[in-house]
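Labels run A, B, C, D, E and F following the written order; every chain starts at residue 1.
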Amino acid sequence: MSTQVPTDDLESDPRVKAVFDDIRAFRGTDFINNMWLWLAFDPALLERTWPEVKEVVGKPSSIDPLTKEMIYIAVSVANNCTYCVHSHTAAARAKGMTQEQYGELLAIIGLAGKTNQLATALQVPVDDAFDASRRNR
Amino acid sequence: MSTQVPTDDLESDPRVKAVFDDIRAFRGTDFINNMWLWLAFDPALLERTWPEVKEVVGKPSSIDPLTKEMIYIAVSVANNCTYCVHSHTAAARAKGMTQEQYGELLAIIGLAGKTNQLATALQVPVDDAFDASRRNR
Amino acid sequence: MSTQVPTDDLESDPRVKAVFDDIRAFRGTDFINNMWLWLAFDPALLERTWPEVKEVVGKPSSIDPLTKEMIYIAVSVANNCTYCVHSHTAAARAKGMTQEQYGELLAIIGLAGKTNQLATALQVPVDDAFDASRRNR
Amino acid sequence: MSTQVPTDDLESDPRVKAVFDDIRAFRGTDFINNMWLWLAFDPALLERTWPEVKEVVGKPSSIDPLTKEMIYIAVSVANNCTYCVHSHTAAARAKGMTQEQYGELLAIIGLAGKTNQLATALQVPVDDAFDASRRNR
Amino acid sequence: MSTQVPTDDLESDPRVKAVFDDIRAFRGTDFINNMWLWLAFDPALLERTWPEVKEVVGKPSSIDPLTKEMIYIAVSVANNCTYCVHSHTAAARAKGMTQEQYGELLAIIGLAGKTNQLATALQVPVDDAFDASRRNR
Amino acid sequence: MSTQVPTDDLESDPRVKAVFDDIRAFRGTDFINNMWLWLAFDPALLERTWPEVKEVVGKPSSIDPLTKEMIYIAVSVANNCTYCVHSHTAAARAKGMTQEQYGELLAIIGLAGKTNQLATALQVPVDDAFDASRRNR
């Protein structure tokens, strides 16, 4: 059950078709996952979202592709996004994440969940040593 | 201002001293950051937390040290832990994170924040293609 | 699956019946949505919740009815409440939310999710210009 | 720095004065903590909030006063409310929370933070044994 | 204290200068708030963020400017972004938000926080009546 | 649907078998709930999680067993962990939580959700009276 249901003829809108064509070309597959089908009711929203995903996660950069997916999983877990946890875990596996790495990723996420709560409960003051202004200026 | 204030003689408790000694030895420095000073009022809690951090983040494993810190930052931002954002950003820099990588890390975290909310707002159903049970069994 | 299951004779409790009668009268329909059925096991909790909803969301005020629902959706998405996302999206549509407005609402929620995470990651200091004490006193 | 600043003559509004008088009488002290000063700009909001706090946390009930404060701390930590973490930790101490209990409270909150993230990351399916509908109907 | 400190000569980078010039021109003021100063260390991130804010929040659309700010506040509160709560509350006031509207906005946000938690605690099943697929297809 | 599926022969790994045996012995039942089946793919993660749960929640201490479960529910609701809400609500009932106590627990969690958001929206400054450093040093 979702709050919006895509129509059957989404690509009759040329703006939607252009984005979907770009997704298919960039990924080299005909498969369009639900996220894009669900966003397509608002072409402007679709046009503002896909290129950012392509740019930030899809293009070669100073962070390797698998690490990007693991970071994405980490945020999605903490933000509790069921869809995103599933889609990015699948993507991380497609990019080579081993079971060993997956177990370690979970260990870090779980530990961060624990220490985040402890630091917040105690309202631990930030050490001066971590102050960026000491370093940069 | 915090909800608990460490006493001046924390290490008079031998259990606390043992953990602090291990922190100093493992890191090769006399500096003990506030997190551990604040947890020390409960030696059992300290003993259950530090070894887990050492094991999960400190030991060589299938995920490299810098990536671990970036994942830790990602969770801490999403969970909104001020202390942890500061301490792990400092740690990531100490482990070689460049400004370029930091900018890309932020771009991923920000984008995930955006798509997480969109998928939740639309309650996008998870694609069958992402179903792990299709793969493993 | 839920953690509590309403009994079949909820309205045999006169306190529950009084609240349900008020819901039906106020909304002009016999339909009682699940939220109220599930809260009814504790009449005091039901009595503290429905009148607040009626007062805050149901009564004419300085914020128009549709805007109230859009704000409610925004909080529910950020808090990740599946039930509330569904019920308030349905309510917003019943109050006239167009597809164009829904797309823009999502765009704002998504963008806020992104900039919220960026500001938290960077721990951006609040500008003096935003300090309310400069204005009020 | 806050987003609103209380005026100096809050109690010139009789609705505000009535609530403040009730707070002082109920607690047996002249001290009004900032939460109420900050809410007072909107008397209706103040009137809807204080009686609920008095009723839910202040009155004798089936959950003892200290436990109530510990539950309040737990939610406030997970929701990351700095003000509430401080005020309810102070309240718990005033109601007799020992350092041993505080340490254990933190251990539970931290552990829950960890297992919450793990269960979400794995999207662990709920066991049938936990299904309330098996029990109640 | 923040995790990054802007250099003094941010606008020596022509990409940063171009964005800052656009902010000043669009808003008709020389004031650049900290968010943009802090993002400027990564020109690509700055270029991907400001135009989206301008487009989504700054341009006339089917949701009026004040409502957009109130929705932004709502998300920022639920996501607990101190900077964003401050900046968007200031922006809402600049766009005419009255104290009465502010009080009502807080009432809705607070009530949503309450009912969100109740629905999650009870895992209330979504009513069939809220199912969008019944409507759209 | 989950992101990982346990194999059928989990206990062929002696480390997994040892943990499962300890769970069965400690709880006096053959039932192993899904959380442990799902974690078992990574024996180290399993070994770091179960003993902490046994120690923090299972052993007699200064906080009684039912209170521990109610605190666990509170955190799990605020963190929005569906699995944990279910499992710990079931555990609280098994430890004697009455419907009256459950109703009051929900009332506290809901109220905290409300006041947490209000204090965050207003950025209420923490009262000096709550400053722990005044007390401890």
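Criterion: a contact is a pair of C-beta atoms (placed from the backbone, for glycine too) under 8 Å apart; a residue touches a chain by one contact, two chains touch by 3 or more.
Note that the structure is a prediction, hence the values are computed from the model and not measured.
Participant: If subunit D and subunit F share one sequence, what is the angle of the rotation that overlays their CA atoms, in steps of 5 degrees?
Facilitator: 180
Participant: The D-E interface: which of B-C, B-E or D-F repeats it, judged by over half of the contact pairs being the same residue numbers?
Facilitator: Equivalent contacts to D-E are found in B-E.
Participant: In angstrom, rounded to a whole number, how far apart do the mean CA points of subunit B and subunit F lie?
Facilitator: Each chain reduced to its C-alpha mean, subunit B and subunit F end up 20 Å apart.
Participant: With chain centres taken as the means of their Cα atoms, state the distance from subunit A to subunit C in Å.
Facilitator: Spacing between the chain centres: roughly 27 Å.
Participant: Could you list which residues of subunit C touch at least two other chains?
Facilitator: Residue numbers touching two or more other chains: 1-4, 45, 48-49, 52, 56, 75, 77-82, 85-86, 89-90, 100, 104, 106-107, 109-118, 120-123, 126, 130-132, 135.
Participant: Edges wherever two chains touch, nodes for the chains themselves; is that graph a line, a ring, a star, complete, or other here?
Facilitator: Its topology is that of a complete graph.
Participant: With touch defined as at the start, can you tell me which subunit E residues reach subunit B in the complex?
Facilitator: Contact set of subunit E toward subunit B: 1, 3-4, 41-42, 44-45, 48-49, 75, 79-81.
Participant: Hey, which residues of subunit C end up touching subunit D in the complex?
Facilitator: Touch list, subunit C to subunit D: 1-5, 7, 48, 52, 55-56, 126, 130-133, 135-137.
Participant: What residues of subunit E sit close enough to touch subunit F in their complex?
Facilitator: Residue list for subunit E touching subunit F: 73, 77-78, 80, 82, 85-86, 89, 105-106, 109-118, 120-123.
Participant: Under the touch definition given earlier, write down the residues of subunit A that touch subunit F in their complex.
Facilitator: Within the complex, subunit A touches subunit F at residues 80, 85-86, 89-90, 99-100, 102-104, 106-107, 110, 113, 117.
Participant: What residues on subunit C touch subunit E, complex-wise?
Facilitator: 1-4, 31, 33-35, 38-39, 45, 49, 52-53, 56-57, 61-63, 67-68, 70-72, 74-84, 86-87, 89-90, 93, 98, 100-101, 104-105, 107-109, 111-127, 129-132, 135
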